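The data blocks that follow each hold one structure.
One chain, subunit A, appears in both complexes that follow, with subunit B as partner in the first and subunit C in the second.
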Partner chain A sequence: MELQAVVMAAGGGSRMMDLTYSMPKPLLPVGNKPLIWYPLNLLERIGFEEVIVITTKEVQKQMHIDTKMKLEMVCIQEDADMGTADALRHIQQKIKTDILVVSCDLITDVALHEVVDLFRAHDATLSMLMSKTHEFTETVPGQKGKKKTGEQRDFVGVDSSGKRLLFMANEADLDEELVIKKSIMRKHPRMHIKTGLVDAHLYCLKKSVVDFLADNKSITSIRGELIPYLVRKQFSASTNSQKTKNDSEKNQKKMDLKTPDIHISSKDEDLLDLAREKSCWNDHRGDMSDAYHGGKLRCYVHIMEDGMCYRVNTLAAYIEANRLAPKVFSEELPVHPTAEISEQSMVGADSIIGAACHVSEKSSIKRSTIGASSCIKEKVKITNSIIMNGVTIEDGCSIQGSVICNQAVIGRGADIKYCLVGSGQCIEAEAERNNEVIVSTDQLMEI
Partner chain B sequence: MAGRAAKQGRSNPNTGNPGKRGPVGQDEEEQPLQAVLIADSFNRRFFPISKDQPRALLPLANVAMIDYTLEFLTAAGVQETFVFLCWMSSKIKEHLQKSKWCQPTSSNTVHIITSELYRPWGCAADADAKTLVRSDFLLVCGDVVSNIDITPALQEHRNRRKREKNISVMTMIFKESSPGHRSRCQEDDIIVAVDSKTNRVLHYQKTLGLKKLQFPMNIFHNGSNEIEIRYDLLDCHISICSPQVAELFTDNFDYQTRNDFVRGLLVNEEILGNQIHFHVMGEQYGARVSNLLMYDAVSSDVVRRWVYPLTPEMNFTDEEGQACTHSRRNVYRGADVSLGHGSQMVENVLIGRGTIIGSNCQISNSVIGNNCTIGDNVILDRAYIWNNVSIANDSNITQCVLCDHVEVKQGVTLNQHCVLAFNVVVGPNLTLPEGTVVSMHHPDEEEEEDDEDEFLSDDAGVNNDPLKTKTKGYSSAEVGSEGKGYIWRTANLSEAEEDELSQGLWGLTVNPDPESESESEVSEDSQEQDSRAASPELDDVNVFQVEVMGTLQRGMEESIGCDNLVLEINSLKYAYNITLKEVMQILTKVVLEFPIQQQGQELKSSQYSPLLVPLLKRWTPVFKNYVKRAQDHMDCLAAIEEFFLERVALWAAMVKVLMAFYQQEILAEEAILRWFSQGVTSDKSKLLRKNQGVQKFIQWLEEAEDESSEEDGK
Partner chain C sequence: MAGTEGLTQQELNNSTGETRDETDSKKNDYLQSKVEGKALSKEEKLKLRKDKKQQKKNKKDDKGPVKEEKAKKPVPVMDGQQAQQQKAPPTSPLMTPEAPPTGEKSGKSKVELRADRRARQDLDRTSKQGKKGDRSQLASTAKTKAPPSEPQPVVKRLPEHIQADDPAVLKKVAKKLERQQIPLRLDYGSKVSLFSHLHQHSRKAPLTQQMSIPSTVIHPSIVRLGLQYSQGIIAGSNSRCIALLHAFKQVIRDYATPRNEELSRDLVNKLKPYISFLNQCRPLSASMGNAIKYIKKEISNVSSNIKEEEAKTTIQNCIDKYIKEKIHLAAKAISKSAFEKISDGDVILVYGCSSLVNYILCDAYERGRKFRVIVVDSRPRLEGRETLRRLVKKGISCTYVLITAVSYMLPEVSKVFLGAHALLANGYVMSRVGASQIALVAKAYNVPVLVCCETYKFCERVQTDSFVSNELDDPDDLIVTQKGKTELQNWQDIASLRLLNLVYDVTPPDFVDLVITDLGMIPCTSVPVVLRVKNVDQ
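Let's look at the complex of A and B:
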């Protein structure tokens, strides 16, 4: 076993509370599959047989995923406010090898070996996946006017090969200037600063990083703290100089160190060093120093040029993912065999109908997803919408570009455009709603 | 050479409207290519050598530097070159008039212009004023050695100008060369941020002395999300400029150098709308001889044929008698060279005409000029020996420059980076330490002459040392018993400065001490960790204090109004989550410490109060904003007390401080009295209250209060 896979599925989905209020993020249906199915499927496709899933009790109870892999569920307390790095620290005992950490909200068709190969080829401490930012084209319920520019941009510095990760900063942390150490530039004289990339939250990490986390309790988040720390650490002297020390010295050094430092070493290290020394290969050109400039800590990034890569962490991304994911990952029939569909209804080929659905006469469904056990009455028009499980839609409704959550009831003849209807909500008959978020009042209070 | 001729033939000589700036447009293509060559460095980097000979005429591989530049321009297809002269213009003029460039057969017409505007790059403005340039032109310095084929860059530049009219004003030519390459001297190290799609330069900065490179955020806001930061470029100091550049120089006379110009344009890009682009050369050669280190690097590159076709045996200046032969291991010999028995020319050696070398010499990586005499058993490595030099037996010279007519007597050892300027004599049996510069000019002469120019003195500010009384005799300890010459500016300077000076001439070493750098990195790193380890609460208060200090300092320097200071302090308060009480205590503390921060710890109490009182007056509104309730008064007094408890030496000043607080109506008298009677916390604070001044002040206050209460009573 080269890599252990860890799926992080304990996040609350704080950026799409309207959806996650009633249903935990990992279980949100995307193309009638829970969101967490996508990263699990990604791992399964590449040949993982075991996966550690870090999640909450609630998710564990409700999760029923059809997979051949052995899922080891690790629950953490929901109210413990644990970050992703805390979660890793929590499972440190289970980590025997290097790890592949995936977030549960990643939907991608990346050739995962690209990331892992970088990790292998450079004996890297970290390799990660990034992709170009997507423009979400669909109208998002409840968002009036132009879409906000959203989060602040990340500045990602890579070397001339576009693989080595040299620099990382978020716009929010920078004042007037972007500051780069000259010593980095001396080692990597050409640096591409890329903006417009999103982090897919998929990381290959050395086991020693997990051990380091165990020693260093102040780091709580992988993306927020650990990754920037590792990227910075690549060029600081203390890790680099360690290479020259003998083992005896090393032990002594460990005693001296007050603050826990990261020790990157692998068991074949001597052999690897020898190989590198004998080889004429070098990772850079220009100066005459050794490969990697003698640095032990190396971070790499694979940037997806094309293909699909979404992080379903906002409503906009959720809608977009629902639109696209089934096209890429459709192995099953779009209409579930147990669904009852009237002869006289129209169901577009681009729609998905879940199990035990009931679609009555003269209804038309286009570019939409209907969850399990939903009931669509007569003369209903549904376009570009996501209907979750157990939803009842009465006669003559028109639903467009909306998200209807579990157990909602839409009254007769209602006209709903670009709305989000929270779970269990009832929309009265003949109502006309446009671009609204309809949720229960206590939910509003909560937010 | 043949290729060059073909290139020249390419551009069509059409001098339609001389004297006027041609219409910008289609016939721009047909304009002959022009160049502006600035044959002056406008600095003293080559002093004392350039005291006698302008930099452009210094021989590099036995050919004057300006000839390389002119040859490059001619090869690039330039048909009209304006050579601007300032320093020692007559010498350069004479040289040029003798050269092939001024022959009627030259394809490159050279106009010599002596600039009246003695300021760097004033020439460009001059060129504008005289409306010499009519279209895109090449701008180079007189010390550029290059074999770059400019055509692709020129084509790019013209295409860009056609596409977007008059947006791009300049294309800078860079050569790819990784850090640590020997033709990169630290001094000219630059960092460039470019838009990799359009080749547009967004940021240009010299990195000398910087540890961290800073890029303004606005360069990331221009829409492109592919920005490349390049540290592997060497500025060839060759630029293709539009006629606007000359105008811009006229308009912005504060641009002293091209560096200023580039930075000015980039900063003002949004206003002026001018853009700068760049072109990178991979294979070709281009470098500017900006200091002796570069001189060394470029010379050896010429000898090693990197600048082909500008190699020594080509004799491209067509000067008679300069021809030499090229043999294995890059050994070049001029006419009538005689080499003694057992002498070896190891590799990369150029020997000029008429030079006589004795027996058993070992010469490597060196250039020897014409008519030199070298004795027996001489070892030369990386020596640059100009014309008519004589070196006696048993000398050992490593990486040095020996100018014309230098005489080295027997048994002299010159260590690295020595420079013997014109006509100097050293020896016999002398060892000159590393970095010695010997010149016939006494260092004091400096002040007597050429004070008329302010720009020259930029680099020469160091020589105001009190050496005037020194007799003008030659010191035999310095230059040997038969020596002639003075050590250039070393006598009374501290060691550190001496280093600086030798660097001045030689340029900084290519590789800075890597040890020191990594050390500092370690410390930086540990600091980082320390701050992480420290408890965040303590941190916030400390950081807040530092920030308040900074705010007030800035307030002083930029004379920011008190209202704004209060605003800033308030925002800091929220940022660091500081209570109002702490704000006031810290504010008091910072203000009280202000004079100490500015003047140093040894401030006496008598000096302290005159410094502090104006500050207090100035910032009274700030205090008033925070000191309102009775408790605030007490807190403020407690902070004052705390400050003075720590500094017993300043106790005498305390009364003045309290007085000032009272007079500015920051502190009420009741508060002060209450503090005096109640606030005793320790023995020391009791002692403080017994201080004579404080006692008197309190007494005075009490009396005043009595009076006022009496008045009230009436």
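Let's look at the complex of A and C:
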């Protein structure tokens, strides 16, 4: 077997607590499909047959995805506060080969062979996917003023071919300066540093990395700690020095005592080295070193130019995803066959109506998503909104640019603009809300 | 006594075929002449001998297919007087209307007689040819071999990879790949018409695009190898062969014999789709082909008695041995021979990047020879830069030129070392495109050209030009950006423009002075001998 797929679905969605306090992030509906359906669909389309899904018991109970793949659910406790790397360590016994780690909130249509080909062809330790950031155009409920640009930027350094990952740092870790090691500049004098990139959280990792994680318990997060560590380690002296076998064994023993190191060599390594030595190919030119500068640890990145790639971890992203994802991924009809829509109502072409919905007369629904079992009464105007499951909207309401969560009730004649109505909330009749986040008070106390 | 003989013969004549008639009648004539008391002249003796031969031939003819002699020949009535002039009467179906006019004895002018004689000679000649054909046909029926008396249409089987313009062959190949569950790589861009029988692919459309990501049909190490081939990460015939053998070792390590199957047969069948896949990624080189033949032979020679683990280790050891003998030790032997040919103060010209030539030069430098090297390079591959890097790293002083400047550099050069991709059975050297030009110019300047090639790259193919069988690389490699402008960016939109990126060319043996192999230094024309000896050994 070549690759094992692992989907990380145990995250809490800490950046959109308003949505996720009642419903776990993997199950948030996007285009009337749970969020986790999208990465699973990506894996299925490519040809995976088995997937390991790391999630919580709560999600496992409520998750009903029909897929041909064999899903192996691994449950971890919610309050264990496990990072993604901790989760990998937890399933280390199940990992038999190289892995492809996907986050549950990734919605993309990338041709995944680009990422995996980099991993295969260059025998890389890490291969990841990044995409150019798209500006979110929709107004986000509850946001006052312009969007903060203090979204922590990532500085990503790639070589002149655009594939080899040389440098990665987050703005939060830097004080005032960006420090680049001389060893990197000596080997790759031309480096392009990009800031407008979104990390898709899709990683191909070698099995030796998982084994290394098992020994090194100090790393908790893949994105936060493991990836920068690997990128830095490409140019560290220990992996590159050409010592004799005896020396390297001694040194490794020493290092094992202090910090466990990554063992990159495999069997028949010398034959592969011989083939590379006799090959007339080099990945860079201008200096006297061999291909890859003799380094064994290599990190590659595929940067998507066009296509869709969203990580649904903020409210803005969630709304944007709802808008665009169904257009790309819809295999079913926009209007579910069991929905009852009266003849005098107007349902726009880009709206999605869920199962067993009830839309009464003279209601108009434009560019919106209505979840399952919702009830829309008469003369309701819904524009640009996301209505989740089991919502009741009384007559005469007008809802614009809002997100109404599960089981909410909107009273008669209410006028809701750019609001987020939390789960189970009731909006009284004739209410006028503009740009507010309406959630239950006990939830507000969580900081 | 003679008379009785004649009588009995005549009786025989009546019972047997017509063919006897003439000879026997002639004999009768002769006997008559004998009876008539004429002395046997020299001519008559010759004639007698000829007659006997004729009889023997006729006997053979009688045994042969009857269909030949169905001609109704008017039995030439021969008189005794004309017996001397008569030669062997035609037994072939060819009959001329100028059968000797019968019944006339005297009264024929000398001219007419001469004309008759000439006619008869012609008939004899044609009859002899016919008889030769008959005899050979007889021989054929006896030995059951059929030498072609006329050119018969021979069915030639061309390899599929040089029939890209034949839709029937393409369909067959597509079906075969479908059966093996391997995707078909589509051709890219318009091809030059002279090379339209070859495939041309784009590097941006790898074969993995059409395959499932955790590849189940093809072993992962083979997928990796195919990618490395198509992207040019592993290039050069030694390197490709070693990488292939390494991947096969992985395959064999992960192989488990299914039930009711024998390892020797099943493993070979398992390797077939992998080889098709690698062929689709990049056409196999001659070195790879020979290595695959060797491995298949070794696998099928595995006896069925030993356990699976043992069998697998045996095969892996065979692979290791092959690499050690044919590549490592061969390189050492070639280097030793080549060392004798390199003298102090030499200026050596090399082309492109050949792992063997690099090894030879580095080895010679280590052993203390003083020489300098001129590295010739060509677009679009620019492999000479790699050679330059390796030689300079070693400490050898080098000059670097492009192939366009070769005729300027040649007056300084004392010898040329070329590597080879394969050595063909008629002595032609198949190497990187441009090598034949180097050899040509070197010949014009009387500079010796030495080709270094291991024996495992010798192949049975015969080729005299670079068109028939070659490889077309990605045409987009020729696109270059200078000063921010890329002129050929949209070359596909121009209907009359074609880009050609050839990989190999063949050098005739007249331009090559010596081939240094692990068997010694041989002239180019001894390649078929080496092949024959190799086949006998195996």
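In this text, the second predicted complex is superposed on the first by the 423 of 447 C-alpha atoms of A that agree within 3 Å, B and C clash if a C-alpha of one lies under 4 Å from a C-alpha of the other, contacts with A are read in each partner's own complex, and residues count from 1 in each chain.
Simple rule for what comes next: a residue touches a chain if its C-beta (ideal position, glycine included) is under 8 Å from a C-beta of that chain, and two chains touch if they have at least 3 such contacts.
In this text, all values refer to a predicted model and were calculated from it rather than measured experimentally.
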Q: Record, for the superposition on subunit A, whether partners subunit B and subunit C clash or fit.
A: fit
Q: Check the residue A:185 against both partner chains and state whether it touches subunit B (first), subunit C (second), both, or neither.
A: first
(Q) Contact-wise, after the overlay, does A:218 reach subunit B, subunit C, both or neither (first, second, both, neither)? (A) first
Q: Quick one: classify A:432 as touching subunit B (first), subunit C (second), both or neither.
A: neither
Q: State whether A:194 touches subunit B only (first), subunit C only (second), both chains, or neither.
A: first
(Q) Contact-wise, after the overlay, does A:176 reach subunit B, subunit C, both or neither (first, second, both, neither)? (A) first
Q. Looking at the overlay, does A:236 come into contact with subunit B only (first), subunit C only (second), both, or neither?
A. first
(Q) Taking the superposition on A as described, I'd like to know which of subunit B and subunit C A:340 touches: first, second, both or neither. (A) neither
(Q) Tell me the angle subtended at the Cα centre of subunit A by the Cα centres of subunit B and subunit C, rounded to the nearest 10 °. (A) 80
Q.
For A:285, using the defined touch cut-off, is the partner it touches subunit B, subunit C, both, or neither? Pick first, second, both or neither.
A. both
**Q.** Three-chain overlay, closest Cα atoms of subunit B and subunit C, distance in Å
**A.** 5
Q: Overlap the subunit B and subunit C contact sets on subunit A and report the shared residues.
A: 285, 288
Q: Write out the stretch or stretches of subunit A touching subunit B in their complex.
A: 153, 155, 157, 171, 174-183, 185-186, 189-196, 218, 235-238, 240-241, 258-259, 285-288
**Q.** Footprint of subunit A on subunit C - complex, ascending
**A.** 206, 208-209, 211-216, 220, 223-224, 227-228, 231-236, 238-240, 242-243, 245-246, 249-250, 323, 352-353, 355, 383, 385-387, 389, 392-393
(Q) Help me check something: in the complex, which residues belonging to subunit B touch subunit A? (A) 178-181, 191, 193, 196, 207, 210-217, 220, 225-232, 517-519, 521-522, 524-526, 529-530, 532-533
Q. Which positions of subunit A touch subunit C when the two form their complex?
A. 1-5, 46-49, 100, 111-113, 116-117, 120-123, 268, 271-272, 274-282, 285, 288
